[in-house]
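You will see subunit A twice below: alongside subunit B first, and alongside subunit C after that.
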Partner chain A sequence: MNTSIKGNWILILALTLFSAPLVIMYGFQLIDSVSRPAPGGIIPQEWELTNWRFLWEPIDSARPSIWRVTFNTFVFASTTALLVCAFSITAAYALSRLNFPARRFFLAGLIMLHAFPTITLIIAIFIVLQFLGLYDSLMGVILVKAALELPFGIWIMKGFYDSVPWEIEMAGVQDGASRFRVWWELILPQVKPGLSALLIFSFLAGWSEFILPLVLAPGADAQVLATYMNAVIADDTRPDYGLFKAIGMFYALPVIAIYLLFQKRLMNIYGGGTKG
Partner chain B sequence: MQIKLQNFTKRFGDTTVIEDMSLSIASGEMIALLGPSGCGKSTTLFAISGIHRIDGGSLHFGDRDVTTLPPQDRPVGVVFQNYALYPHMSVAENIGFPLRVQKLNTAEIKRRVGEMAELVQIGNLLKRRPQQLSGGQQQRVALARALVRKPDVLLLDEPLANLDAKLRLEMRSEIRRLQRETGITAILVTHDQIEAMSMCDRIALMRDGQIEQISTPSEMYERPASHYVAGFLGNPPISFLKAEANGKLMLGAENSLPMPQGVDASGPITLGIRPEHFGPQHQGPTVTGRVSFIEPQGREDLIDVTLPDNQRLRAIVPAGHDFALGQDVNWQVDLSRTHLFNAEGNRL
Partner chain C sequence: MNRQTLLGWSFLSPALMAVVMFFLLPVILTVVFAFTNMSTSTGILGGEYQISESDLRRLPAAGVSNESVEMLAGAGYAVRPETLALFASDFGDERADELDALHGGAVFDDRRAIERALKDLRRDPIRSVRDRKAAAEMFRISILGQRYPTEAAFADAIADIGVPDADRAALTEAAYTGWTFTTQNFELLWELPATWRYAMNSVVYVVLTLAFNVSFGLFLAFSTFYLPTRTAQTFRAIWFLPRILPPVLYVLMWQWLTWDQGFISTILRPFGIEPINWMRHTATHAWTFIVLINGCVGASLGMILFSSSLRAIPETQLYAAQVDGANRWQQVRFVLLPQMRWPILFITSYQTLSLLTSFEYILLATDGGPGRQTEVWALAAYHTALSNYGGNLEYGLGAAYALALVIIGILLSALYLRFFNFRELVAKPRIEQ
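Here is the complex of A and B:
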């Protein structure tokens, strides 16, 4: 009893020490975005909202409005998430339940792709997109991002399918339902926890993606928040760190909100055991 | 509905699990597929249900050839060992699912679900989820769902394996009652001999993908066709003795029994004596040995007698005797109820 409390205290202390820098950084990001520190100091002097002006006025004429960029980011993240989910639930079902030629090969390929450093493919992807006429368009980045996220999604969903008992499927078939109906009405509801976790997870992955939009859609029309921030900090003659912090805060808020709201569901993703 | 399985063969990859098996079940009959784990009981059952494609042979329901019919189109209801209820649906939705698939209208579904629920006595549980039911109740839901389509054949794969002893007793008679009331042809897969004997009209005893013997429970118990069948049925199990037949049955140097009537054999044979046919309370020729083990069971005791040649015979003796460990005894064998098997294990 005593030792467990003692053990817990040590654990809590260690966790506090390790996470303190992160918490402090986030705290100051918030504070700095609404205040002006003394030159060279960190204590806030006066409170002001000028850093947040990007919300109601364009920060300069060359840039698209923040709302346009946010909308792009949202479309990017949610379309990616939907695509990933749609393909994952079908492909994973096939891999888990159907006996088709070269199933082993696909499974092995999936694991390999999952571990593959995809960024090394960026040149090839660039050429393919150019060829398809999708370079510098949101659609192009969405397709690429979804494709890169798929191995992970399929693998996760396969784990969830694997843990649904075969008998449910057999019972459904015996009750007269078609294979498709059995999947849709009887099996899919069993993997819903995995599906919602994957949906949130791939939305967040899309929301925070930076490299792909940067390389594959550098134009103003397809800009997302990550590249927008990059542009703000990169090509100003005199960088405005206050503004940068405020935009960063704005960018991070949905992520924090989603984590707080869906914490439990996200944990599910580690709940579905993966059986070969 | 009569079921006729002819020359059924099933392979998984390179391994042949069942080869050339034939089985015929009369309409309205309940038959048990009994056998040890891995002998192919479930495989046979799922071949009849249509879930497993069969690799050879044919299957007829009545006059209809259903060999290649997909499971959806077979008039078969199945109860699985783990019940396989749909966890996200209520009891009513579970039972109604087969009807919904048939696109019946809501009122009709409701009526038939209610009817079925009454039959299996779960009318008050219709709104619950499967997780909120006890094992026995889940079992009843599974039965109702299997029967609601009014199938011609009911298949049960170890339906009682997950229940505790008391519920098992209850569901045993419950399933038999339902089967009788609906007049459905049923196949019960089990590895429990008591279940098979008490619930079914006939038993098909399986071994390594083959049917070793198929007959009524009492016939199978009284006249086992082989050493294997005799050893499988009976609890406590039958004792086997090696014997030499030469006009008499020689059990080592000290003991011998007369040849049972109507049996003609010579050379090495196996003699099977059930514990209830050996002991001081019987009439017949005697065997001498020494008491080597006593297990009290309340109403009666199980007593092992070791013969001088070190073979063992088990006896069921009514309680209240005063035999002690190490005592020399000379007990009777009910010779007409013994079983003789030749070297290949077949009944003589």
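Here is the complex of A and C:
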């Protein structure tokens, strides 16, 4: 098979052309956040950091501080990720390895939930949260997000449990360990890579989530970076794209860092998972 | 219950609780809410019973006789033994006796009239305006503007002013401020021409985006398959980013690309093309960019899945095809593509459902505009129930919109259940055998 650059120049040209809009957008996202374009133009004129002023002074008086919002986002994303992982490792193990009544039923339910579009339930969830008194609180959004990510988490973890050889478990049970101890000491270490992938994935999912905080916690106290950024964009009568892009850059930095660090692992889980 | 069953249940229970709370309950509630007129004005907990001045006009249409309406409107303040007793306990027996002598059994139409009577008491007039107001309130028999927390309290009140039995049920129903069960949401959906437009918009959106996702995902997978590893990785990274970038930022980039002083307008200006907002100028512009914005996210999923199934195809088949003189297009068409049937089917079925119900990117990009030309069904549900400029959020009607999607979601995901290799999936655990 010919995989040289020379022999494939038509393909590379086509791919480059198709990718150009994306590359332009990425490029200017970077450039515009640290520069000012000429009036009415797009070529950067001056390099400057005034777009990043939102870090040390409030953009306007009605808005919460960016650090408060960032803290909220971090709490939201990490708590969600921890909840998803904690619930997934036990539930997935039960579905993968334990023989108990109604297991088939739960498995069928899991597959259906995995494909079911949860966003359609948002109106009912909105009202459930009002009943529970969790509306407009970070706690409420965390619980909802974790619950909605759960079928995906269980699905992924079940896949990892399924690939652990039965012999390990058999050996443990034969040596007289309880099923719980076998799970905790023998099986769990085997699925650590899967667990860390799920942790990263759920963290990213929480970090990027927009609709749930928008609908379920619109107040200033529970604002996260997605709703903060959206509110800044929506409020402005004259768009200041330099500022927007700097906020966007700040918002996306952890995502890009995680992507660069865990590229391979993420590709796998995004391939196995089927969100969107 | 044996120990393993116990362990199974306890391992499953936290997840099960979350599922019941945030999946099962909302599914059931969506059905329930779809049959109510719940909205911001009715509130979501129960309501009260209240007839206000402005309600009087619509009462005849609700089946209340004119006689009763006049009774409600006319009744004001009456000097009766029971109201007098109330008055006497606060303002003294002497005043009460005098009022009884002067106005016993009289009915005053408005508050000013009764206040004048109280001021004109000869022996000990009530001089303070505040006291007079409080005293007048004691004679009040009108129920207009009065709130009654329970149905029984309201029934007593209308019985007191003498509303005939025949009208009481209709009046009680009209006075209720909380939500009630009704089928009018579905009648409304059926009648509104906008409903059909939203449904059509959804179909257009799903078909176009899906076509883009699958074809472009395939193109990306095949083209990077034939490239040297480093080059392929670069292109894959470019196309993978839309998937992990936060949607708010990702759509902002497109906004910048298309707004009237943005990238497209700026580079086209030297060619004499007027700057316009390329994303919102017309419906066609809007649809193009909505498909592109969603498509770039969807295509990357296609790319990842298709690439990994391409790598699973034995390379020897390609060499064999090459020996037989097949060019690259023939290799793709006759060797690779036929083996990609399952991944393509999977992406198509999965994304049909998720595109049909997702509205995040459209909300961020055009918010259904221009006009309501890119308003898809899922976005209409969101706008009706959770965000509109009028301020009255119609949860019931929104739930009726959502119910259609929930039903489609359940049907399609049940169908996909058959696609998966279910029997293999539920193979019995081996330890106890």
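We take it that the second predicted complex is superposed on the first by the 245 of 276 C-alpha atoms of A that agree within 3 Å, B and C clash if a C-alpha of one lies under 4 Å from a C-alpha of the other, contacts with A are read in each partner's own complex, and residues count from 1 in each chain.
Note that contacts are C-beta pairs under 8 Å (C-beta built on N, C-alpha and C of every residue); 3 or more make two chains touch, one makes a residue touch a chain.
On a predicted model such as this, the values are computed, not experimentally measured, just so you know.
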Using the touch definition from the top, say if A:175 reaches subunit B (first), subunit C (second), both or neither.
-> first
Give one of first, second, both or neither to describe whether A:189 is in contact with subunit B, with subunit C, with both, or with none.
-> first
Just subunit B (first), just subunit C (second), both, or neither: which does A:36 touch?
-> neither
Tell me which partner A:167 touches in the superposition: subunit B (first), subunit C (second), both or neither.
-> first
Which holds for A:154: it touches subunit B only (first), subunit C only (second), both, or neither?
-> second
For A:68, decide between first (touching subunit B), second (touching subunit C), both and neither.
-> neither
Residues of subunit A touched: more by subunit B or subunit C?
-> C
Taking the contacts subunit A makes with subunit B in one complex and with subunit C in the other, which residues are shared?
-> 170, 173, 178
Note which residues of subunit C are touching subunit A in the complex, please.
-> 3-5, 7-9, 11-12, 14-16, 18-19, 21-23, 25-27, 29-30, 33, 38, 44-45, 216, 219-220, 223-224, 226-229, 231, 235, 237-249, 252-257, 259, 261-263, 266-267, 296-298, 301, 304-305, 308, 315, 318-319, 322, 346, 350-351, 353-354, 356-360, 363-364, 378, 381-382, 385-387, 395, 398-399, 402, 405-406, 409-410, 412-414, 416-417, 420, 422, 425-426, 428-432
Hey, which residues of subunit A end up touching subunit C in the complex?
-> 1-5, 8, 11-12, 14-15, 18-19, 21-26, 28-29, 32, 40-42, 86-88, 90-91, 93-101, 103-104, 106-109, 111-128, 130-131, 143-144, 146-148, 150-151, 154, 166, 169-170, 173, 178-180, 204, 207-208, 210-211, 215, 225-226, 229-230, 233, 239, 241, 244-245, 248, 251-252, 255, 259, 263, 266-267, 270-271, 274-276
Once bound in the complex, which stretches of subunit B touch subunit A?
-> 46, 49-51, 71-74, 76-78, 80-84, 86-88, 97-98, 101-102, 145-146, 149
What residues of subunit A sit close enough to touch subunit B in their complex?
-> 165, 167-168, 170-178, 181, 186, 189-190
